[in-house]
């Protein structure tokens, strides 16, 4: 068995997920970029001793990218299972990351898998698979993104139970940053203070707050000897925005903490 | 023969469907998400001892996905029937779920099947099939969704007889929830009371009411030991909406019932 | 020879069609959904002892769907005639139903067939066919549908002689409904009265009137023992509209007649 | 040699075309639907003893439809010349009917053919053809149609010399109608009077006037025994318009002449 | 060696081009339709003794049309170089005519060829070509056409040195017209006077002025015996515009000169 | 080893990049056209002794262009790695130039490569690659271009550390221009003065300032004997703009310096 992936529980989400998995209920993970949704599903798959198959969804993805396709070979065409079909056959947890980005045919494909039928019709093969008893479907969804034009239909949403994710509490986030970067706890806590300031700008010039991942980046650069102000500019400011005012506000927060 | 699928009649829809099937009239099932349309057609297929072939329609589906396509094999191309063609040949009931999502070519393909001709032209094979005498076409349609841009044409609509579906009456819905989840009837009735409150919000912040399916999800989680308020939030609130006001209103309804 | 298809003449359209066919003039049939255009062309083909090849046009149909395509076989590619090419070669009547739904390349393909040339260029084969002397082209067209965006070009329209179709006169429509369903004439006449009321709503909430086909559906259900009001709701109301006011008006017309 | 196609000169267009052909200048024929542009180019090809290759352009036509494509055969892929390539190789006159309907790649393909180079690059074969010395390009263009969105670019237009076409003068048009239908000259003249009335409606409810072709249709039906008013409605009114006012005006003109 | 193509220098563009070629700088030719840009690059290629490969760009052209593609053959797929790849390998001058018409992937493909790298990545072959030392890229661009929607990006523009082209000075243009058509100089000068009048209408009803090419067309027709006014209408008026006022103005200019 | 590519450091970007590379953090290079971003990554790859694989992104590029595709061969289909897959397998630095131009599926493909997973799922092969330990992803991004419609999503941005690039300081830019063109330093400094004037027009009629690359072009032409004013017009004015006012302003700056 692989070593346990690192995951810090923030509430009772582990027990709740175990209950959902026990009933094989489809699960929807909601929350902002880089707050740990992918880590959580990796951790749960490890904990439940199930394989995990992840798919990063995008608007050019077709149903064939999930289900599979025919390949041409010397002996004629051969069917190659896609990641969803593999998960359905082998009893893995299938994680569709940012499913709302996918086109309509991708999201409808999961309908018969997410009601009492638990079936996957492979029309191109002329067969309908019944899901392995261990199979579960998990999707992620970032509520900050969805517009009227691009949202899941209610007939899709009403097939899932939901988990809300958010940035960890300050002490816990500092511990994550310190653990992942090797930076001392007290310095990591300073980075979290900058993130807290930046997250208050969400909706006032920033589309999203600074993610935990970017804090780990800044901490990693500092561990490698980059000056704190420089490391914060590289990891916490420049990737996020080109707006001069917002950059100035963030720079001010950084120098207030580190200079 | 398979065991009877679970279905609770809410009116005289079984007899009416039998009359429509006896005359092989094409059938349109109308109603909101998760209120039992798919279950009804599964039940009727079982009752009439016919095969059922279901297709979840989507906007990227082409006529070929219904009719079939040529596969390349060592001996050249081979034709593979699609689900509609299979149903037409073998005398199955073909159920096109959410047909309005499909592209125009999909909906026009069913025209010659749904008038006195009962024929399916397979232009790519150069043949026209006459439907097996047991074949029937059933489509579903969610009136809450249709916009001016995406609706069936009158020349398609006027080929079907219609059935209206809605959420079951409270006592009946509680019985369904209890049967499917194992929860006691009186607790199931509490969940139905929450759904009734939520359904009054339709058009006032919610696009659709809470489906019976989600009530079964909440009940299933409670059966697995999840606290009622937590189970309701997971199954009845988070999947539906991210609007803070609507969430508060729903939370209030939940705590009024369970806390 | 097949038995005569059922067709009730409403004017002198049979003689006029025979004159148009004698000169092989291309024909355009105009009129609302389900009023008998397809039946008329079937009847005329039977009467003139010509084959009929029908194509339900749609917006995803390409010129290849009409003309034909290459199939890959062990001996290389093989050409397969499409329905229009078959009709041109064999001298059939080719009926393009709702041709305005087709894409531009489909409608332009028929230009050289519908002027003095009577030719069909098959560019993909490198040949130009001259139509069999019995070949005739017939198209249908629903004037209620056409928008500025989707209409035939004048250069296409000015290649046809036109026939106007409408719902039959009441006595005649009752006779059609009775003949096709087996219902007594006086009950069929009651259904026609409901249709007359509904057709007055066209343009005042209904896009199209109730078709003769739907009356036959209602009559068929009544013949199978369904109560008249129930049969009318299934066949005449639910498929047409979800507007509560229009539904109430139609229900009122039904109960005034049958309750 | 084939019999001379029927063509009535209306000015000195034959001599002018011969001068343009002698210098192999590309030619653009302009004028309304059904006024004889296609006939003229057929006649000139016959007169100049050159082959004519006609292509009805449409908005889904690709450059490959003009140039040619590779076919898969047992010996691998084989190139099949398209109609333009055939004309370029064999020295035919290539007539692109309604070229403005074609997509951009079709119109740009003709650029190197229509300047001093007279070349056709076949990029997919890796060769550039120099046109046969007899090759000439002719396009047609209906000025009534062009919108800002769909027009030839100046860099395309400035590669042609232009001919204007219009409906023939009344006496001449009557002679054409009589010749093509067999109707007596004086009756044909009555049909032309109706057309003159209708053409005054252009821009006042009619997009285009009645074409000479439709007059020939009406005359043909009358020759086959159809009553004049009926024949005119079939050929001159119904194909053109569904507007009740315009139909009444046209009917009035018809009955004024024939009733 | 081929005979020198005809080109009349209007300034010192030949020496400037030679300097740009000596440093292999990419070149952008700007100017209106038919003023000699293509001729200039043909002439320079001849003068520098380099091959010239021209591509008429269009909005449906893909990167594969420039780079090359795989063909299926009995021995499997075979790569066929596109025109740009051929130029890069063999050291030709590659001339992309009206490059702004091409799609984004076509214009980006030339980026690594037009900076210090001079490389062409052929991703589909898995190789990156370094350009032959004689290779040069030339593009043309008509400033009168570009809209906000369709323009080269600054990151593309800033890879070229530019040449401005315009119609030749009157005496020189008359000499070109006389040389190419065989018409006497003084008559050619009259045609240029008409062109000067027409070019003043640019922006006042005409999108572009009359090109030198069209003057050559008119002169050619006159040389073949067509009357001057008729020749001017065919070559200078009808191809350009259907606007009655502009046509009258141009006719006035023609009769003022020739009648 | 290849000779060192020419790169002039403008701050401490070399040390910062080395820190980012040491931790294998994904890097985003921001700055205007032609200011040296591509050069910097080439230099760093040389300095770190890693291979560099560059891809010029464009809006028609698909995920397959990055990942690879199946080729048809006599022995059946064969997989060909795309440039990103090659970099992931072999431990190269992969540079996606102007990544924001690419379609959504291209940008999402890099997600699992740019978090703790460092994996590349090749769904079409049914495998997931773990990146070689030397692999690093670098993207470039021009902030001046991004509109609301075309921008990286926050969930993509928050996977990178950022570097800001701008035009070099005057003395340094003159040194670059002199080194690359062979022009004397003092003359190169004059060119930089023109660029400084032009860059002040950014946002006042110019979308972007004059790039260092164009200064090198002008200097190269001058080195080849082209007069300074002429060289500046060719390299610094004509490629940038067709606006007469801006051209006059730029000409004024040029003559002020060189005339």
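Letters A, B, C, D, E and F mark the chains in the order given here, with residues in each chain numbered from 1 onward.
Here, a contact is a pair of C-beta atoms (placed from the backbone, for glycine too) under 8 Å apart; a residue touches a chain by one contact, two chains touch by 3 or more.
Since the model is a prediction, treat every value here as computed from it, not as a measurement.
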Chains touching both chain C and chain F: none
Chain centre separation (chain A, chain E; CA means) in Å: 52
Rounded Å distance, chain C centre to chain D centre (Cα mean): 30
Interchain centroid distance [CA atoms averaged], chain A/chain D, Å: 60
Of all residues in chain E, the ones touching two or more other chains: 72, 74-75
Order of the ring members, counted from chain E so that chain F is second: E, F, A, B, C, D
Footprint of chain E on chain D - complex, ascending: 12, 16, 19-20, 22-23, 25, 28, 30, 62-63, 70, 72, 74-77, 103-105, 107-109, 111-112, 115-117, 121, 123-124, 126, 143, 146, 153-155, 157-164
Partner chain A, residues of chain B touching it in the complex: 33-34, 38-39, 54-61, 65, 69, 71-75, 80-83, 86, 97-98, 101, 142, 145, 207-208, 210-211, 213-214, 217, 220-221, 224-226, 230, 233-235, 237-240, 242
